[in-house]
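One structure below.
Chain nomenclature is as follows: A, B, C and D, assigned in order of appearance, with residue numbering initiated at 1 for each chain independently.
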Amino acid sequence: MIHIDWILVVVAGWLLLGVAALFALHDTQFVARRLFPLGALLGLALGAVALAAVFEGPQVAELTIGLPGLPMHLRLDALSAYFLVVIGVGACGTSLFSAGYFRSGEGTPPGLLCLEYHVFLAAMAMVTLADDGYAFLVMWETMALASFFLVTANHRVAAVREAAYLYLLIAHVGAIAILLCFGVLQANSGDYTFANLRAQHLGPVWSAIAFGLAVAGFGAKAGLVPLHVWLPEAHPAAPSPVSALMSAVMLKTAIYGLLRVTFDLLHGGAWWWGLVLLGLGLASALLGVVFSTVQTEMKRLLAYSSIENIGLIATGLGLALIFRAYGLGTLSALALTAALFHVLAHCLFKSLLFLGTGAVLHATGERNLGKLGGLIRSMPWVAWLVLVGVLAGSGLPPLAGFIPEWLLLQSFLFTTDLPNPFLGMLIPLVAAAVALVAALACYAMVKFYGVVFLGQPREEKLLQARDAAPWERLGLAWFALGAVALGLFPVPWIDVVDKVTLQLVGSGLAQAVHANGWLLLSPIAPERASYSPTAFLGGVTAGTLLGLLIGRRLYRGALRRAPAWACGHAEAAAARLAARTQDSAEGFGQPIRQIFEPFFRVTRHLPSPFDLQPRYEVRIEDRFWRGAYLPLAALVDRMARAVALLQRGRISVYLMYSFCTLVALLLVVRS
Amino acid sequence: MIPATVPLFLCLLLPIAGGGVLALTGQRDAGPEINVAFSAATLAAALWLTADVVLGAPVLGLGERFFIDPLNAFLVTLTAFVGCTTALFSRPYMRIERERGKMTAPRMRLFHSMYQLFIAMMLVALTTNNLGVLWVAMEAATLTTVLLVSVYRTAASLEAAWKYFILCGVGIAQALFGTLLLYLAADRVIGGGEGALLWTHLAAVKTQLEPNILALAFAFLMIGYGTKVGLVPLHNWLPDAHAEGPTPISAVLSGLLLNVALYAILRCKVLVDGALVNGLAGQVMIGFGVLSVVVAAFFLRRQRDVKRMFAYSSIEHMGLMTFAFGLGGPIANFAGLLHMTVHSLTKSAIFFAVGHATQRAGSQAMDDIRGLLHASPTLGWGLTLGSLAILGLPPFGVFASEFLILTSAMRQLPWVTPVLLLALAVAFAAVFARVQAMVFGDSNLPPQSHPPALLPVFAHLGLSLGFGLFLPPFLVQWYRQAAQLIGG
Amino acid sequence: MSTAAILAQFLEIVLALAGAPLLLGWVDQWRARLQNKSAPPLLQPYHVLHKLLVKESVVADSASPLFRMAPYVKFGCMTLACAIVPTLSTDLPLASAADAIALVGLLALARTFLALAAMDLGTAFGTMGARRDMLVGFLAEPALLMTLFCTSLITHSTSLANMVQSMAHRPFVLDPSLAFAGVAFTIVSLAENTRIPVDNPATHLELTMIHEALLLEYSGRHLALMEWAAALKLFAYSCIGLALFLPWGIAEIDAPLAMITAVPVLAAKLAVGGILLALIETVSAKMRIFRVPEFLATAFLLAVIGLLVHQLLQG
Amino acid sequence: MDALLGQSINLDAAVLLMVSFAMISQRRILSLVHLYTLQGATLVLATTTVAYLTHQDHLYVSAALTLGLKVVLIPQLLHRVIDRLDVRWDVEPLINIPTTMLIGIALVVFSFNLALPIAQLSSSIARATLGIALACVLLSFMMMIVRAKAIPQVIGFLAMENGLFFAATAATNGMPMIVELGIGLDVLVGALILGVFMFQIREQFDSLDIRHLEKLRESEDR
């Protein structure tokens, strides 16, 4: 059996698990403790097989289901294998966590959740395998549908229903765009296999249209501006493992689709394509990060941060497209590597963070940052594991989040090689924006961690919060380890990415990197740029140890525990007033809100001196919502009202319609 | 070897006999069971007939008066099948209606016998070879359904039935004129007499028929049968009739009657295409199709009554089929037939679920139906999956057929595709918002005295799902032949 | 790598650890002089460090391990920073471990830990300080990165050693982009090292504090390490500035002996730089906290303009 | 003789057209019924003439059928309904009568022009009649549109069916027997159902004014 068969076996296994769960619809113990760990095993297997498959040539298979004359073509090449690895890694950890998470079964019976969950996983895997338009769309929509039902798991809550509706609607519109895109790609050959689409070489206009449709369709799923509005609604609504999967894995399938269509089926394109993607990516990144710093709800904060990361990935893709358009293979590979690396890194730390919020949610029942705090004392496991995710998410060395940003900035520095002066002028600005985004991401992450896990508990009940269950710790640890390992040893992973870049842009970084050992990451040449996470970590550790040596050994200064000083307000601190005097989530985000005021639609309610119960409230909304979406809905309503005038209940009028139609038709056929 | 005419007559005579029997015994408690029995028998006969046709050659019966080829054979099976499942569904449904006092013994009798006659008439319309008889059967089917729609005798149902009768009566009258013109045209080629109305004869000489006359004829036929298909702007009777009649009738109206009317148009289109070279018929159908899809999509946005909403969705889908057949060509025709099948199955399944839901809520207003999933999970899932299927989400069959239709549209008239897709998106937004509100959340629905008949719902959905994932080769073969006959 | 390289590396670290407080003392002394105050002795910082290290350190009972880790981590980060900045020689083993971008990341890492530690106790001033520090950081770091990019665009490299080397080797030209970068860098280093006009290291008024507010809860050895790390940071920044904008006199791979001359050259440069810093701090007044973003944004823009100018002149 | 009879068919056609116009202009329901009966009688006449000329015996049958159905049965039915529900007068039509007449004339021109090419091809004895039949159909259609009460609408419906029947016999020398029978049956059943309906509508809305039948419609709100 070759790899693709094994992958199909894994998919089938997931489906079987789902079906099995139907027979134990309400048996939480069985579903959680037996089925989900099995699912995790399968995920691990998937990751392993796919990893092996990256280094193999393309493999094809056909399922005799689907349309007559168009059986489901499947193809496993480096690109799909790479994303399958991501899916496997994400699925494994999330399933482990879920084994401990699904205690009560949120609204829907656990068995059903299990089914939807595994169908979701299977569909995502199949999306990356699909090798013809029909199969792709079927899997794509199945994925959307399964995730939709997962989001509505807790459908008793009206907000959840609305969020899910918005999500499915935008997903569906995106799918329609993708369908149109395939329709353009097949260039009237009527054959929707990717092999054929690849063979069609469209003219510049049509390929540009196809590209635009692809960006719209996949952007809707990935959450690129301005189609991002569903994301901060749907992620908080879903159960945390689902949010983790959606944010960490599902969004990546959109990136996969974008890569597949743009690089593989369309063979790259004009340089301005890259510019479009670059612009959209930057806009998303900036908007996402700025909004995430001002959120007051932890999962919304993370959702916006996902928008930011997707934006950065898209920026990398755009840069790769630009380089490719000018035939700079290596540089294109560099940018692409940054993007692909980011895909895995984001999968790791974002899953970790979302699962962390899940644990917090279960322990405290609070998702509002304003009611959390100090959890590092009551839930040390979660807190310390999430800290890894936070550091990685802020893009700090030596963790996984830093490397893609490093590579991205590196590839910006090479834009002097571009023949196009306009781009040469533009790129520094983009680089600056990326740097700004990275720094702001750090701000948002510090806010997230500081407000949730540090400081004084803002509510009494937080003191009784119980730490995560063993299974949950396992899931968190899986991702934390991943984030650390990927951060410390990027070079082996570069080999994997190398295969993908070879397939897409015809060159890779592997040789250049291997030239200087597997500890030193130096994409082009060591004298140009180099970064060695291990040495970095070693250096910091050595310095820290030196500090310890000086502080603890040379001088044996005693250590005394006492109430916090708090500039003499100690009694206040003791009286738990501190919990109120420390920064709230709003407070921490306030400077950013002031600086980036134009981004938001802010509605304030300030207390007047005469209020008996003074109330301060700030609501921050997305301008796109009122700017674009509501007007669109209003337009549809207006048209519907106009159409409704056709049917006013009077039979004579109806007869008149028939009569006029008849006469008109007669005139038509007569002429 | 039994001649193939035996199953043919069986499946024509069984429902007629059923109508007779039920006209005497329909009011009894066993009425529903008898109804089911006859429908099941009809289904068996239909399957037998279909088997004969698929295995062997087209069947001619009673001289040449009846004619079965793959095209109508598959519709015969579909009709018999949906007729049977609907009978199954109406068993508990009508019982509850009777307990509620909405039905009385005589009305039960009327309902059951008319139901059988309706099925019979549609089977006649499908199997006959004589275009005149086709018209007669269509008219008769209209009359029976008029009685079925008005069976509640409420003001609303009377109004609906009246509009239904007048509009369809007038429409079908135009169809008669069209048939007349066909006869006139054939008269000049093959001489008068009954032969001049037999489709097989006409099809044989279709190229020699006088184009001018056929163009006119098609205009009248299109208006006539188009009214029954429910094409915009001839559709006005449809939502009322669906909303006010008993739900089983809404199911068969949407699931069967519209198909049969479209089938009639197709038969005529074949002849017209033979005579006219300019493909006028196709263009006309495309026009009606697109108009119906777009307008219906926007109608969906404002619906309050659940059955009315799904009636509009039927208009939308009939428009899509008309569009597909208008495009012509093997793929489009194939897609149209597939869409016909899956739409009948899915839509009737939806109406079954909706029927039970409305009975539980005691109202057809969607605002009164809440939390179906909570009240009865199976019912809720039936409605949810059915709606998602009808909205064209994979892996259900509707997606497959819509994919084929849209892709062949992309090949033949690219500019139409975005319009259709836009309309589909609007329809999705409109319908799904409503359905979601109905199925999710907490519910206040009281329990029901009879267990709902969910077998039909899930049987239909299962089939629709199967068609989406895998079409068995013999079925594909069958569809291909049918598509061939429509002039693929 | 040669023994000379290892030696150079070692020497650099020692020099930094030892010299950083001295630089601090030097700047304080000059500031006092320029402000007509009686100047503290040059070695005052050493006394302070010693005193703090000896004293017992009081830790709030609600403090988590994170709180106690932070000083060590920050100290470690700053040590590494000093180790990778070529002050004496460009032939450094550790230089390949982290290039300019990683250096910025390193500084950010230290900042993040400090901010988290300050939020750990949940005291009003601690969290306020953390917020302000992050606010300064999110503008200062990109600006710093951009200034570094200016030079790396000129030198086609981001590894500090190579940057310095090729800056030293290129014929002396007045590069406007470098001028922009230089100004931006000055502003950034003022902000990053909590100097007037952004922050006042000598303040005792909590409401105006940025950096000091982070340290309010620290005492004893923890505070000592924090202060020492701050000194190291100042040292590192000064060295980066000097190395990039006045790179002459730094020893190179082929000439290890040049290190002997490199030490006094560096000392001289630092002395001048310190005096300039004191001067700036004297002539300018501390600005209100919400003016700081504008100040830093200016630096950011200057750096970006520097990049653009470079592109304009090159391409 | 035959030629004379042949022309007499055209005469019948003319009568039919006149009757249709008369129906449009007529307000009194009772006389509408009379006009309908007259139309039926003309139809019988025309059918028998065609039967005699073309020696198609089955046309005699259909003539008899028409006689029984459209001259005797349905008028009786309508009379009964009118007596029971006592509706003598129609209310003012939705479009005033002169306008309707003008439109009607336009329709006649239209349908003649439409039927012209076919008439030239037609092999039947009375080729001109097709246009007239079509005109009758369209006129009755319009009558259904403009009339505001149920009974006139029904009469319009039946008149339209008459027009069709005339087209069938005169223009194409009669449809096959089975079809004729089927049509006849449908008309009968339809008429019966309509009769029943009108009683029910009456008891539901205590009026036959179809303006009451406008409850089922798209709501304007929202």
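Assume a contact is a pair of C-beta atoms (placed from the backbone, for glycine too) under 8 Å apart; a residue touches a chain by one contact, two chains touch by 3 or more.
This is a predicted model, so every value here is computed, not measured.
Two chain pairs, A-D and A-C, are weighed by contacting C-beta pairs, with A-C ahead. Mean C-alpha positions place chain A and chain D at a centre distance of 70 Å. We define each chain's centre as the mean of its Cα atoms; on that basis chain B and chain C are separated by 80 Å. The geometric centre of chain A is 36 Å away from that of chain C, both derived from CA atoms. If you average the Cα atoms of chain B and of chain D, the two centres end up 30 Å apart. Across the assembly, chain B contributes 162-163, 166, 170, 174, 216, 239, 299, 302 as residues in contact with two or more other chains. Listed for chain C are no residues, as none touches two or more other chains.
Across the assembly, chain D contributes residues 114, 141, 144, 210, 213, 215-216, 218-219, 222 that each touch 2 or more other chains. Across the assembly, chains come into contact as A-B, A-C, A-D, B-D. Chain contact summary for the complex, chain D toward chain A: residues 94, 110, 114, 138, 141-142, 144-148, 210-211, 213-220, 222.
On chain D, the positions that touch chain B within their shared complex are 114, 117-118, 121-124, 130, 134, 137, 141, 144, 150, 153, 157, 160-161, 164, 167-168, 171-179, 182-183, 185-186, 189-190, 193-194, 197, 200-201, 204-205, 210, 213, 215-216, 218-219, 222. Across the complex, chain C is touched by residues 373-374, 376-377, 387, 391, 394-397, 402, 405-406, 409-410, 413, 416, 421, 424-425, 428-429, 431-432, 435-436, 438-440, 442-443, 445-447, 449-451, 454-456, 520, 522, 526-532, 535-536, 538-548, 550-552, 554-555, 557-567, 569, 573, 578-579, 581-583, 587-588, 591-592, 594-595 of chain A.
If you check the complex, the residues on chain A that touch chain B are 64-68, 134, 137-138, 141-142, 145, 152, 155-156, 158, 161, 164-165, 168-169, 172-173, 176, 179-180, 183, 186, 188, 190, 192, 636-637, 639-644, 646-647, 651, 654-655, 657-658, 661-662, 665-666, 668-670. By the touch criterion stated above, chain A contacts chain D in their complex at residues 637, 641, 644-652, 655-656, 659, 662-663, 666, 670.
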